[in-house]
């Protein structure tokens, strides 16, 4: 059984207006996505800005009111706050935020920040709690003097690690990492990514790794989902996505990644422009009449794409031939 | 499961006290200390602080030695005694009552009203703003409608009407009447900051840490707008000292036997008093200005201190 | 946009209804009745009862309220006891006076505050800025009426430059003379009021200008090669004035509150003075009408502010 | 009360006042011709609020209106009056109309002078005399002048009740447009000889001019507000509502011709009145305007102003609440068990107040201790020998001791041993008044009485009277108030049936005395005077109501003004005035 | 490609900021040249002084808060000697600048057309109609689909990519010789980023402009730049052609950066992490190699006392001598650790 199963998740933000605050319209931030998260694996969620990645992540961790659909954890639907409370859900599912500064309360000391989930879930004695915090600091590579300092006294990388320490404090099974490194410099980013991988191995944590940086995602994730307009357009292993992308949108994303190989940049630019042109021309084939992605169909046990079944098959076929 | 963490870290219970001590030595100074050092760095601020604290203490203590009903007795013989005379070094008013004594008791009353008003209205305004800002949706909507309604009320008029309705009103009822209206400014300020604050990720982090909503509002968000609260409260206090003066001037202030800065300043209503009997109103007016300026100045210092503590990346 | 304004007006209805009930009850709760004060040796209780009845003052409060509302919809706010004439006519006469004064004060306030705020913001930290800030602090701390009282005393009585009572000289004839005389009468209270009410605007504008100075779009403008004075003209002023423009509606509230003091001190027969007189005469109908009118004016003020804001700020669109 | 008549007294010195004010200003300077042609007389009306602006003597309700429309009458307070009176307020011939009383037939005949005209030139007719009664007595009228005494006119009660369309008791011997009316009464009283009585109305209403306005709406009509008509030497040119009125000569005036081209009367806040005078903006304050002692202090030394004044038609007094008004019988009844029913207590309280000292300090001689309840301006009736209540703490204490008010701790208790707290009701006024009231409390504390302000503070005028006028109340035990009397001094407010009898005292003796004042015997003046003096002595003895103070009505008069005289023989107050220079001194 | 004519020469430029009354160098002794028809990329970690250099060239610093020395020779004029009016002849006309945050860089109260036209107002004598035409032309040039519509809109009505295009239109309105683009794509999606970079390149080709492209994304640099200058702690530590920098990086910092990038083939490996932190402005070492503290295994003798630039190949310069024998600790045994 999967750790978490997401069924047809929808999050629509009502647009209210007027004096009576009535719902006049809605933003379909997430519009019916389903996937499972297995224990110990890392899932990447990729897509352009506004595609609904953060909303998905927040729904899974319980920060967002879900419009419809289910999130099944231990056989129960945790979209209801009462269920989450009863299961101590957030003890097992935690989150790392993009902006390390804003995610740490600037008026709280590091000790209080890291101990917050412990106080709510574990109810340790004062000394045990302090010990646990010190151990956590140790694990994320910070000195004990950090204990009574405030977040602004740390660098971005250190802060992000404090955020990680808080997320792992309760020994969670799943951590939602919403763009954890996109605000960081390269070398600091490397530091945090390494570190996340390391604790994953040590604790057997699953990640839902949200990012728009395909380079980072490739580095981190075994399974990747591509999101567009609130839906998934393609889902598969790293191999499936990077080497056999089927959906045009995925191809376009991949083509847009800047290439560090200087020698081939002219060629790369040409491919990208070709893909872009193709994307502009063939929109109608890859999206339904409303311009929304189709439902996912399987092209292999691990690989799904949001296309009409026959079209998907033929594409997969063509792909194989090219590979061959 | 906790053992997983134990396994991963070399730190054990034995190290606890040592590490804790290490951490203490590196601890960041508290906000109070920062504010104090900010004061120390600013001479005029110290002066303002000394003026305010000294003055309030003096007024509170000295007024204990004054028999107010006795002081407010008409003394026909001292009618408009000029200042610097033997009995009344600040002179006497049209009923022969000592201005100096009235100033002391009046200051106590006015400061008392200001304090009471500030405490009540700020507490209410802060709570209102926090709750309204944190819970969006119908709670906020409803609270906003109430707020709009209160804003629509012509405050001064309603206060005057209330004052005429209430039969045995005194400093306390007056404070309560003012409190009905004075929370509005604070609540709007706090609400807008809370809205911004509630959007920040640390609130989301607290939610995912399982902290309950009220605790998030009052122990996570509130400390973050504390500088705003401190500054706003200080400035309201400065403003509130003069709050009853207007009413007294129009003749709807405290009862005549309860001296206040307002009733003293209201002496200026009679143009004859302006120059001829200047001592009946000028000291009170000057006092208000000095108090208000000093407190505003302190407010500025607090604002600066608050900013400094928020200065990012600077290990203070 | 018109639809939104209309909807906003509809929203105001429940507020106005609650307000009307509130003020009606408040007026009822006031001690004393309007006739007893001016007892005539010849009046008898039957006559007073008769007068009460004629003015709809008998019966339970809700029926009195209902009478009042019904009359209201016929544009009839009742009669003033003190002035023995319809409240609508009485207030109409006073409202023009208050309006003249308030409008003039407001114009003057902005005429003083805008340059001051911009100047202080532009020369942040320099001597003129310090002086302006000192001025705002001091005026902030001096009770409003003290300024007025000292002002009328110096300029009205000692120097005799300005009239000290009334809204117009009775000897004024011809429209030019009339306007001149009216203006002469509001000059001193207007100036005094304006000097006082600049405080908030100056401080607000100053910090807006300082913010704008450091904003990214100003940096963009500089990198376009726009000369400094034009940057102030086209970018900083405009953007800083925007929130101030929205102040205009809200400042109605302040002006109305202030009018109570100004008019009392200058014996200027406007709505503020009328209110104070009516309170001591227990002139319910007038009190009720005035509180209601001031409340509605406040409401219109906020509406006005919103409209202004939506007109000048493209980011806020009323669809 | 607004139709009080300015009245006689040659000099005001010997009325008990410590300070003697002249009642006229003798200005021997020549009247400047230019000033007469172009001059404008500026009159200040001290008031706390804009005036209401009702230009009709029967509808106006306050002194301010009376003052700002004053130049429409020959003398202040006489707007559209029919009669003139001698110094004792007795009606004499020579006014707009003459009155004849016929005691045999119980009729009063009023005959207008020939050629009398309104300020718009239209003639004054018999109907105009009658219309006054309609305006006052109409059931929808806003006038407050209708009293029970008026029912003495036949048919008046029916008209007032609305059952009759006309007043049957008033007839026109030579038609409505003629010059005389005959009023048929049920009985005749001596008060009818005097101006200011309650039986015969004394004004005319411009019937033709206002006949189309329902009487109930008259007070709000432009005929009364914008362009009211007058019978006096000046006519109204313009009115700025609430602020000022401006006047010019009335060519149709029957009497002495006006001498000044323009008169402007402007309301000035009472607070600022002395500054306004000091800055030389006004010629004088309204002759009947309220001026305080402190103003006198500020103004008395001005070189370009002379202070002119005469004793006021009124007095300040203390009242005690001793009973209730029985609404069923319509009578006041004394409750012998009430707190203030003890005469010794009342008198002790009166002996304890130091009115002499207070008036001296706070009013600078502009008011002085009153000795009776009849103001000294009524020469014939005022008992100058009455002692009143001079300060005498010893006597006060003795009175209380003898009556059994024993000290229990700090305060005296009632004779029955119960604690005694007395509530003092006083109206909010100037700061000097506040100090005075405070002083009274202190004086009473000195004799061991626990006296407190009712409601804890001074009261707004309206709440003060509302509280007192309740048929039965226990909030106020003793109160201080002022009373303006009419030019006919019968103390009708103290009758058994009067609602203005705020302390609700009613004794057989009092009723008897007041009835005697207007009995048939009282047509004899000396008998009437005797009764008045008896009544004054009785009141001082019982002290249900006790005198507090008398005051001057006074005004500063600019030295360019000529002919200013408050003498009651000066029936041409306004037309006697002239200016000696066209600019203010 | 690049003509040899270098129209911008930056010589020995230092900019110091006043902090608590003292001046601290944010960039020190920068030397750079920019040619026509080339894109010079400036890379480095956050806070290393990239933006400071850009704004120094533009003269946007508050003279009371900064101290600037050196020479910025732009087509024969030393910009640093100009007064405000003199500078305005260059800004917008000969030098255009593109900023990072496309929302806040546009005046929220002015229509797009007015904001673009403002440059033309000050630097051209075109008629109103001609200006309007030019605005349309510019919007079209930066790839806006419906210029007349966009011209009438306000910034908040546009998407991030569109806003950035508008800013580019402003920067190129007067066909400047030099365009400084300070992180023009950081706030944007990868797909939009690619489009914006394409626009920049095409504009450069049309105008023969020189572009200084500031970014911290090595991918962007590799795709776009002709020449690259790597900055560390206020200094340029390596410069050369894109091929030189990416194929044969010399300086330890450059090499570290490249190594910490997630690469196609190192998914399972740990990424390289540079030890320590970038020193803050106030703690910059005043002598010696500023990067030394972050490669502690390199003995001090390998560093220069006052590091200078060394030409290692034509056009390829490296600061300090430490690059010569530099290896990463895990590359060659553990003797350095």
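A few comments on the model shown:
For clarity, chains are labelled A, B, C, D and E in written order, and residue numbers in each chain start from 1.
Going forward, a contact is a pair of C-beta atoms (placed from the backbone, for glycine too) under 8 Å apart; a residue touches a chain by one contact, two chains touch by 3 or more.
All values reported here derive from a predicted model rather than from experimental measurement.
Graph distance from chain B to chain E, where chains that touch are one step apart, equals 2.
Ranking C-E and A-E by contacting C-beta pairs places A-E first. Centrality by Cα centroid goes to chain C. Annotation: 39 Å between the Cα-based centres of chain C and chain D. With each centre defined as the average position of its C-alpha atoms, the distance from chain B to chain C rounds to 27 Å. Inter-chain centre distance (chain B to chain D, centres taken as mean C-alpha positions): 52 Å. Chain A and chain D have CA centres that are 91 Å apart. In chain B, the positions touching at least two other chains are 164, 167, 269, 271, 313.
Multi-chain contact residues, meaning those touching two or more other chains, occur in chain D at positions 272, 275, 460. Here chain C touches chain D in the complex through residues 31-45, 47, 50-51, 54, 79, 82-86, 89, 93-94, 152-153, 156-158, 160, 164-168, 170-171, 267, 269, 273-274, 277, 280-282, going by the rule given at the top. Looking at the complex, you find that chain D touches chain C at residues 1-2, 40, 48-50, 52-54, 59, 61-62, 139-140, 142, 144-149, 198, 216, 219-220, 225, 238-246, 262, 264, 266-269, 272, 275-276, 278-279, 327, 460-467, 469, 486, 492-493, 499-500. Chain A makes touch with chain E in their complex at residues 48-49, 155, 157, 185-187, 189-191, 193-194, 197-198, 212-216, 218-220, 238, 252-253, 255-263, 265, 268-269, 272-273, 276.
Interface of chain C with chain B (complex): residues 15, 18-19, 22-23, 26-27, 29-31, 137-138, 140-146, 149-150, 152-153, 157, 253, 256-257, 260-261, 264, 275-276, 279, 287, 290-291, 294-295, 298-299, 302. In the complex of the two chains, the chain E residues touching chain A come out as 45-46, 160, 189-195, 198, 216-220, 222-223, 242-243, 246-247, 256-258, 260-264, 266-267, 270-274, 277.
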